[in-house]
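Below you'll find the structures, each written out as structure tokens.
What follows is chain A paired twice: with chain B in the first complex and chain C in the second.
Entry: the complex of A and B
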């Protein structure tokens, strides 16, 4: 049955390359190995979201039972989003779990993920810290997400204040990414982030 | 769970009507390819083999759909539109070309067969009497005379039997057969007693 998975991925791959979303640079798929079991996806951050201007890379693993089971997808690019783990990039999306249907394709999965970026579901979070910030301090969430998009996904919005705070933690010997996670988790409160970093 | 995404319908463009009879070879091939796409299985994306169609109108190879129903046995939904679907309610498509030349994939159950409804007609040929106008009536009256009249149908005009194929005709056939059996049982009982 691995045969049907490969056959289908080949067909989908051809289809996605020809699709209009690719022409508009909204989504992209690349092969990672020659036997079509692992692919690299890319989605553009949707306009009017904190992810605008960013380019997010995804790891797509095609199981042998595809398309009867969903592909395993996670974000390689770090992202600040309630339904995506800021640490592992794991995604909480129903169609990648129990709502998968065999007629869905790489193209629809990537478009669904793009839709997830523009409409987060904080009530069904993958990252509880991000979800709490999204619900309590939406403004702070958007700034943080924009900052992450700039740093990891090549987004346009540079944030001097956040960069300075990270620099101060780095001067204390904290690794940059670790400093960013701590500050983001504590709403960019330098004191509390420092406390948390040095208490553990 | 999180965001629901609507599964995309395959967006096949409607075939253009050919305007002239002498269209070039290339155009014809393009049209053929487009036509083929209309008959792609929604699961393997290949031209459907042993094709079945769901009640919601979506086309699949039977082996593909069977495997989907096996995999998602707790949630029997159409892979395209997520309407309820079941093994019993898919309709096989029989084209004119032979469908037996395809290799049925391993582990797939035989495709459900089409359901035929017989047109209305004589359904009660069970006793093999052949002659559908056979009638037998049975009654108990004033013994010697009533018996004779009812047995030999003397002295009274009976309404003619209902026309073949009508519900009334079927009903009459059925009743007369019941009475025939009752008479046989009654006679047997008389002989044994």
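Entry: the complex of A and C
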């Protein structure tokens, strides 16, 4: 890896570790390999959001041309959010694309992602289904996002109704994650989710 | 020649013999000096890449003799105004200069002397600075930046600019590397900070390109792989010839398209590109079921059609498009052509069909000439052989040049003819349009004869006769072409031409 990129990442790594956000357990980074090309990031779900209490893991790939090009970041932990793909974890965020500047750091990226969890931008969606639910049925969206946070990110809120519906589909032979995606996409309407799952 | 006269024209191949008729329109005659003058007036210059760069420098210098600001700032301002010096001067003296610099994303050069550059680097240690990109702590001499005050180390600048130029292809509008700082990096700074010659070369190429593309008075030669640009003193729809030999319209960049105007040509090209025209073509050879609108092709002589759409199966008459039932036993001959119901159904289909056939008529002729024009390039080669042969028969090089001239004129005529069909397609019928169509017909007949002669007859005749005949033919063609163009131009001046929407 280019000299600048390595130097930068080493420094940034130290910077994050020493930062006050780490002290407050809000963000974290770990090395995945020795040559600093891949890192694992973690962010805590911000308070007063459906993500509260969850811990979200991120994959961070550092390109050869870093910091002149942005790092490639995606969510490993499954998450229900308008700007993050519920399938791939791909993120739609301007600073990870054309608004990236060389003077930004991993810390700014992690904090920006945390801010994204607090304030979604449904008009610039990555996941159209989630964005539509967010705009039309905010209440349903929040319940769904909280449920996902519980299941995948260790959040505290258990939802008996949702769990039952998933169980029903599992009994019909549908894989659990697939059942959750279908139900979430159809506002937990068991009938329509079933129809969608078995029609294709 | 217009659509309605098509068949009449095709029967009249022997109308003009062309050979010995003197129409008084000799190529070098003086009766058309006004056209000559019209064409000579337009001044243009072909610029090589080096000349473009020099021209860019001259433009900046011109402004700087009036406005006392750094030339690097001038370049950014000029680029912002698409290299229109007058517009820049106007804004510079009439408007708020602060706003002007801000809009163009440069620091006001008069402000920076009064306000000392503030060093924004956050963690400034005593006697050293930290680069916000690589985090190295360095002596100030190893750091640099623009007037916005954002400073980074030389190595980071080099990497940053290299990424912008090589990966993103940005030249004229590279902004400062700091987040959200809009201030643009000027060309001298780029050249000073970038070390790699490949990058410097690409950068220069990018700014030259944007200089030509932004500048109304410059246009790249559209010929593939040609690196010349043409410079004019004012924009007009006029032919310009590049050093590579390609002639094009300066205003729109298309091949020179006299007599049709740029706007009409653009409409035509768009129409031809439009896929819906192809689907219309299918419609011209089929009819739609009057009940369900499914497309039906007539496959036999019987006029009793049954829709192939299984859920429709409507019975109707091919001729009148009315329902079949009232036709009764008179299946062999539709006598219901004027029944209201049938009429309405027919009118709707006919309208679009007639429109389409009209389009196809003009399009076919346009394409024919375009294709022939391509073949004429082959003709240049066979003519060259002929010229060599003639030189072996005691004719001098000068004496055989008439053959090349003949092919030149043939190409010019074809090109003009090609565009007359675009012009005619949109033209509304008037007394003058009838004259135009006569001219078009004359030119077309003469051109086809010249073409035929050069392709075939020339090989069968003896060399001494050839010269006179060829010259007569091409002079006649050239005369007809000029007469046609002059008539159209006169019409532009006198507002004769009316266009339809089509």
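Assume the second predicted complex is superposed on the first by the 199 of 200 C-alpha atoms of A that agree within 3 Å, B and C clash if a C-alpha of one lies under 4 Å from a C-alpha of the other, contacts with A are read in each partner's own complex, and residues count from 1 in each chain.
Simple rule for what comes next: a residue touches a chain if its C-beta (ideal position, glycine included) is under 8 Å from a C-beta of that chain, and two chains touch if they have at least 3 such contacts.
Computed from a predicted model, the values in this text were never measured in an experiment.
Peer 1: Overlaying on chain A: chain B and chain C, fit or clash?
Peer 2: Here the two partners, once superposed via chain A, clash with each other.
Peer 1: Of the partners chain B and chain C, which touch A:104 in the superposed model: first, second, both, neither?
Peer 2: both
Peer 1: Per the overlay, which chain contacts more chain A residues, chain B or chain C?
Peer 2: B
Peer 1: Touch check for A:83: first (chain B), second (chain C), both, or neither?
Peer 2: A:83: touches chain B, not chain C.
Peer 1: After the superposition on A, what does A:65 contact: first (chain B), second (chain C), both or neither?
Peer 2: Both partners, chain B and chain C.
Peer 1: Answer with first, second, both or neither: which of chain B and chain C does A:4 touch in the superposed model?
Peer 2: So A:4 meets both chain B and chain C here.
Peer 1: Output check: A:136 vs chain B and chain C. Expected answer is one of first, second, both, neither. What do you get?
Peer 2: In the superposed model, A:136 contacts neither chain B nor chain C.
Peer 1: Which of the two partners, first being chain B and second being chain C, lies in contact with A:119: first, second, both, or neither?
Peer 2: A:119 sits against chain B, while chain C stays out of touch.
Peer 1: If we overlay the two complexes on their shared chain A, which of chain B and chain C does A:175 touch? Say first, second, both or neither.
Peer 2: neither
Peer 1: Can you tell which stretch of chain C bumps into chain B once we superpose, 24-32, 78-86, 186-194 or 276-284?
Peer 2: 186-194
Peer 1: Let me check the overlay on chain A: which residues of chain A are in contact with chain B and also with chain C?
Peer 2: Of chain A, residues 4, 7-8, 11-12, 65, 67-69, 101-104 contact chain B in one complex and chain C in the other.
Peer 1: For the complex, give me every residue of chain A touching chain C.
Peer 2: Where chain A meets chain C, its residues are 2, 4, 7-8, 11-12, 65, 67-69, 101-104.
Peer 1: Going by the contact rule at the top, pick out the chain B residues touching chain A in the complex.
Peer 2: Result: residues 1-5, 7-8, 42-46, 58, 64, 67-68, 71-72, 75, 77-80, 82 of chain B touch chain A.
Peer 1: Per the contact definition, I'd like the list of chain C residues that touch chain A in the complex.
Peer 2: 132-136, 152, 155-156, 159-160, 163, 167, 177-180
Peer 1: Touching residues of chain A toward chain B in the complex: what are they?
Peer 2: Interface residues on chain A, with respect to chain B: 1, 4, 7-8, 11-12, 15, 65, 67-69, 83, 92-95, 97-99, 101-105, 107-108, 111-112, 115-116, 119, 121, 124.
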